[in-house]
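Listed next: structures, encoded as C-alpha cells.
The two complexes that follow have subunit A in common; it is paired with subunit B in the first and with subunit C in the second.
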Partner chain A sequence: MLNIFKRLWQVNWAEQWQYRANLIMYLLYWLVSPIIYLSVWTSIASAKGSVNGFTAGDFVNYYMILLVADQFTSNIVIHNFAYKIQDGSLSGELVRPIHPMLTNTLVNNLAFKALILVGFTPVWLILTLIFKPDFSGVTWQGVLLSIPAMLLGFIIGFLLSAAITSLAFWTTRVYSLHEFYYAVILLFSGQFVPLTLMPKIVQDIAQYLPFQLFMYYPIQLILGKLTTAQIIQGFVVGLVWLGLSILFFNFVWRRGVKQYSAVGA
Partner chain B sequence: MHFLKLISTFLKVNIQMSLAYRADTLVNILLNIMWLGWELLGLSIIFNNTTTLGGWGIGELIALLGVFRLINTMMASIIWPNTEKFNQSIRDGSLDYTLLQPAPSMFLVTFSRITIWRMWDLLLSIVLIVAGVRMAGDVATPLNILTFLLLTVSGAIVLYSLWIVLIAFTFWFTKFDNNVTILQALLDAGRYPVSVYPAWVQIIVTYLVPIAVATTVPLQALRGDLSLGRVLIFLAVSVVAAWAASLVWKAGIQRYSGASS
Partner chain C sequence: MSPEPILVEQLSKTYQVPEREGGFGAAVRSFFKRKYKDVKAVEKVSFRIEPGEVVGFLGPNGAGKTTTLKMLSGLLHPTSGGASVLGFTPWERKSEYLRSMTLVMGQRNRLSWDIPAADSFLLNQAIYRIPDDEYKKTYKELDELLELEPLMKKPVRNLSLGERMKCEIAAGLLHRPRVLFLDEPTIGLDITGQVRIREFLREYNRRTGAAILLTSHYMADVTALCERVIIIDHGQLKYDGGLTDLSRKIAPFKLIGVMLSDADSHDLSRYGTEVQNEEDMDKRYLQVRADEVTRVTSQLLSDLPVHDITIADPPIESVIEQAFNQ
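Let's look at the complex of A and B:
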C-alpha cells in the first residue's frame, strides 16, 4: 500500500508541477478576499478603537493566521473529480483495486498543497511585513493543538467535499450544489469575520457544525483565545463530525458507484 | 442599425442555447438570490458593529453594492463567457472564422456569447441603487444622477478596455490562458468603498486594475462628492482607454497567424 501511495505521489506531483505557472494566479485568488475583509474590519476597528473587544491589531492577527489555516484545511476535490464523473474518465480508475477518491484524489490534493506551500510561504512573509501582525500571544501549546485540529478540519472537509462531488453520479453536474455548500462554509467557518462578531444564532449553530474547524477554531487555538472547556468541546464536536462524514461519504459513494453509467465512455 | 441587428441575432442564438439547460438556469437564479442575501447579511453584520465604513453609511454601501452588481453583471453575462470562447478559439484556430466575417472583430469577440439569465441581475442592481440612495437620505439632484450614469458607463468602458488589452496579449503570448485572472480576482474589491483599503491596495484598484473607477467613483458622483473637473478627467480617461485598447487589438490581430492551420 505504501508503494502505491509513493507511486501516486510521483505521478500527482509531476502533474501539479506542470501547472506551476498557474500557482501565482491561484495565490492571487486566495489572497484577495481575506485582504478585503481584513481591510474592512481594521478600518472599522481603528475608527472606533475596538469592535466587540477586537482591536485593529486583533483583526490583522486573525486574518493573517486565517490565510495559513485555509491553506491547510481546504481541498480541491470538486475541481479534480467532478469532471471525471461527467466525461466518464472515472471508469479506468474504478477497475483498479484501489479506492479512486481515498488514494489518487487524496494524494493529488496533497501534492497541490505541497506545491502551493512553496509559493505561499514567501507571499505570507511579505504580507506580515506589510500588515505587521503581533504574534506575541501565540503559545507553543496553541500551535501544537492546532495541528490535530487542522488535520481534523482537512479530513472532514475532504470527506464532505468528496461526498458532495459524488452526488454527480446522479446529477452529472454538481457545481451549483457545491456553490451552495461553499456559501454555508462562508457563513459558519469564520472566514468573513471572527465568529464571535456574528449574530448570536449563527454562533450557536456554528458551535455544533464542523465548519469552524476549517478556520475559526484553529485560528483561535493558535492565538491562544480559547478556554480549556472550549478547546475540549471543539475537539469532541470535530471527532463526532469525523465519524458522521465517514458514514456520509461511504453511503453516497457506495450507492453512487452503482448508479454510475460512464457517460461518454 | 447593423450592430443592433447583430446583437439581436446573438441574443436569439444565446436564448436558444440556454433553453437547453432550463433547470440549470433556475438553479443559477436561486443561487444568485442566495448570494444577494449573503451580501446583505454581510452588510448588516458590518453595520451592527459600526455606523460608517470608510466614511459611508449603510444606505450608501447598499447603493455601492448595486453599482458593483451592475459591473459584475456586465462581466458575468458578457466578458467572462466571451473570454472562454476567445481563448478556445485561439487554441483551436477557430478565430480564423471570426476574422473572416464582415463585421469588426472586436465587436464579434465581445458579444458572441451572452449569458441571458444574468440580465435579471440588472433589475436587482437598480433596485439596490434606488433603495440605497433613499436609505442614505441623500438628495440626488438630476445633475448628480446624470454624472452618476455617465461615470458608470465610462467606468465600464475603462474595465472593458483593460479586458480587450488583456485578451489581445494572447496574440503575443499564445499560452497566456490566465489572461483575465487578475481582473476576476480583484473585481471583488469593488464591493466596498476604496477608502477602506490600505494605500497600496488603493493604488492597485484605482490605477493598475481600475475597478474603483467603475464602482466607488460613480457613487461619489451620485453623492455630489466630485468636482466638475474630476468628472471630466474620468470621462476623458475612458475615451483614451477605449482608443488605446482598439489600437492594441488591431496590432494583435496583425500578429495573429492562426493555430493548426
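Let's look at the complex of A and C:
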C-alpha cells in the first residue's frame, strides 16, 4: 500500500508541476478573500478603536494565521473529481483495484498542497512585512496542538467534500451545491469574521459543527486564546465529526458507485 | 480456477433517460417535472465464454455492447440478471476480481495525459502488486510485441493516437489479466497499427490462454481474431456461434464480379441481383446463391464479352448488416 502511495505521489507531483501557472492563479484566488476580510475589518477596527474588543492588531494576527490554517485544511476535491463523474473518465480509475477517492484523489490534493506551499510561503512572509502582525502571544504548546487540529480539519473537510462531490453520481452537476456548502464554511469556520464576534446563537451552533476546525479553532489554539476545557471540547467534537464524516462519505460513495452510469464511449 | 471465465445469464440493463421536447417552454416545464423514459440498453442477454476463447461482440451503434462490457467489468450494476466472471460477480468489485481482468476502451483511461507512460506503468505495477521480476518479464514481452520502448519517455499527450493506443493496451495487460474486455481496441488506427494490435492480441491469447471479448467496428479485427461471434441488436442477442456458420446461415451467397466491354450496355438482371461495390467501380457485381454459382458463371462466360471474372464471399460487413436487418 505504501508503494502505491509513493507511485501516486510521483505521478501527481509531476502532473501538478506541469500546471505551475494554473497553481499561481489558484493561490491568488485563495489569498484574495481572506486579505479582503482582513483589510475591511482592520479599517473598521482602526476607525472605531475596536470591534467588540477586537483591535485592528487582533484582526491582523487572526487573519495572518487564518491564511496558514486555510492552506493546510482546505481541499480541491470538487475540482479534481466532479468532472470525472460527469464525463465518465472515472471509469478508468474504477476498474483498478484501489479506491479512487481515498488514494489517487487524496494524493492529488496533497501534491497540490505541497506545491502551492512553495508559492505561498514567500507571499505570506511579504504579507507579514506589510501588515506587521504581533505574534508575541503565540505559544509552542498552541502551535503543537494546532497540528493535530488542522490534520483533523483536513481529513474531515476532505471527506465532506468527497461526499458532496459524490452526489454528482446522481445530479451530474454539483458545483452549485458545493458553492452553498462553501458559504456555510465561510460563516461557521470563522473566515468571514472571527467566531467570537458572531451573535451568540451562531457561536453556540459553530462549536458543535466541524467547520471551526478548518480555521477558527486552530487559529485560537496557535494564538493561545482557548481555555483547557475549550481545547478538549474542540478535539472531542472533531473526533465525533471524523466518525460521522467517514460514515457519511461511505454511505454516499457506496450508493453512488451503484448509480454510476459510466457515460461516454 | 473456475471452469468457465465468463458466464452471463439473462443480463439486463435499463437506463432512465430524462426526456423533453425542444424549446423554452419545455425547458421550464422539465425543471419542475421531469419525464423519464426507460431505455432498455441490454435485455436478457445470456452466453458463456470458455477459457482461452476469443469472441467478437458485434452490433450496430447503441446495440448494448459497451453497456454489457461495462457490467462485466464491474462499472455498471445491471437492472436484473446475473453474471459470473472467473467465479466473481463483477459489480461487487472485489479487488481480487479487478486484479484479474482488464477493460481497455478505445479512448484514454489508464494513462495520465501529462506524464510519460513509463511513470503510469510503474504506478500500475504498484496498484496491481506485480513483483519486480514478473513486471520486467511482462514488460519485455509487451515491448517485443508492441515496440514500446521508444514511446515510454515521452509525455502521453505528445504521442500519436496509434502510439497511445499501444501504450493503453500494454498498461491494461501488465498485470496479466485472465479475462480481457476490449472495446474498440483498434479505433482510429491506420491499417498497420490495426494489424499490429491484432497480431499482438492473438499472440497474447496464445501465450496466456486468457479469454477475450472484444467489440470492433473493423470487421478485419473480428475475422482475424475470432472464431466465434456474438451479435446483439437493440439489447437483444441475435446470434451466437461460429463466424463461418454466420455467413452460411445468414448469407448463403457469393459475389460474382465481371468486367465487360461496354459494361453499361448489358442487362445482368436475369443472372442474379446486381449489387454496388464502391471499392471496385470497374466491375459489376452480382449476388448469387452459393449453389447457383457454377451455372451462372458458365452462362455469363458464354453469353457476354467477359474480360475478367471473380468469385468471392460477400464482405462480412454486409453479412452482419443482413443479420441485423433480419
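What we mean here is this: the second predicted complex is superposed on the first by the 264 of 265 C-alpha atoms of A that agree within 3 Å, B and C clash if a C-alpha of one lies under 4 Å from a C-alpha of the other, contacts with A are read in each partner's own complex, and residues count from 1 in each chain.
As a working rule, a residue touches a chain if its C-beta (ideal position, glycine included) is under 8 Å from a C-beta of that chain, and two chains touch if they have at least 3 such contacts.
What you see is a predicted model; the values in this text were computed from it and never measured.
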After the superposition on A, what does A:95 contact: first (subunit B), second (subunit C), both or neither? second
Going by the contact rule set out at the top, does A:209 touch subunit B (first), subunit C (second), both, or neither? neither
Let me test your reading of the model: by the given contact rule, A:123 touches which partner, first (subunit B), second (subunit C), both or neither? neither
Could you look at A:138 and tell me whether it touches subunit B, subunit C, both or neither (first, second, both, neither)? neither
Residues on subunit A touched by both subunit B and subunit C none
Which residues of subunit A touch subunit B in the complex? 21-22, 25, 28-29, 32-33, 35-36, 39-40, 43-44, 47-48, 51-52, 130, 173, 176, 179-180, 183, 186-187, 192-193, 197-199
Okay, in this complex, where on subunit B does subunit A touch? 24, 27-28, 31, 34-35, 38, 41-42, 45-46, 48-50, 52-54, 178, 181-182, 184-186, 188-189, 191-192, 195-198, 200-201
Once bound in the complex, which stretches of subunit C touch subunit A? 15, 66, 70, 73-77, 91, 93, 95-96, 98-99, 101-103, 105-110, 112, 114-115, 119-120, 122-128, 183-184
Of all residues in subunit A, which touch subunit C in the complex? 3-4, 6-8, 10-11, 14-15, 18, 89, 91-92, 94-98, 257-258, 260-262, 264-265
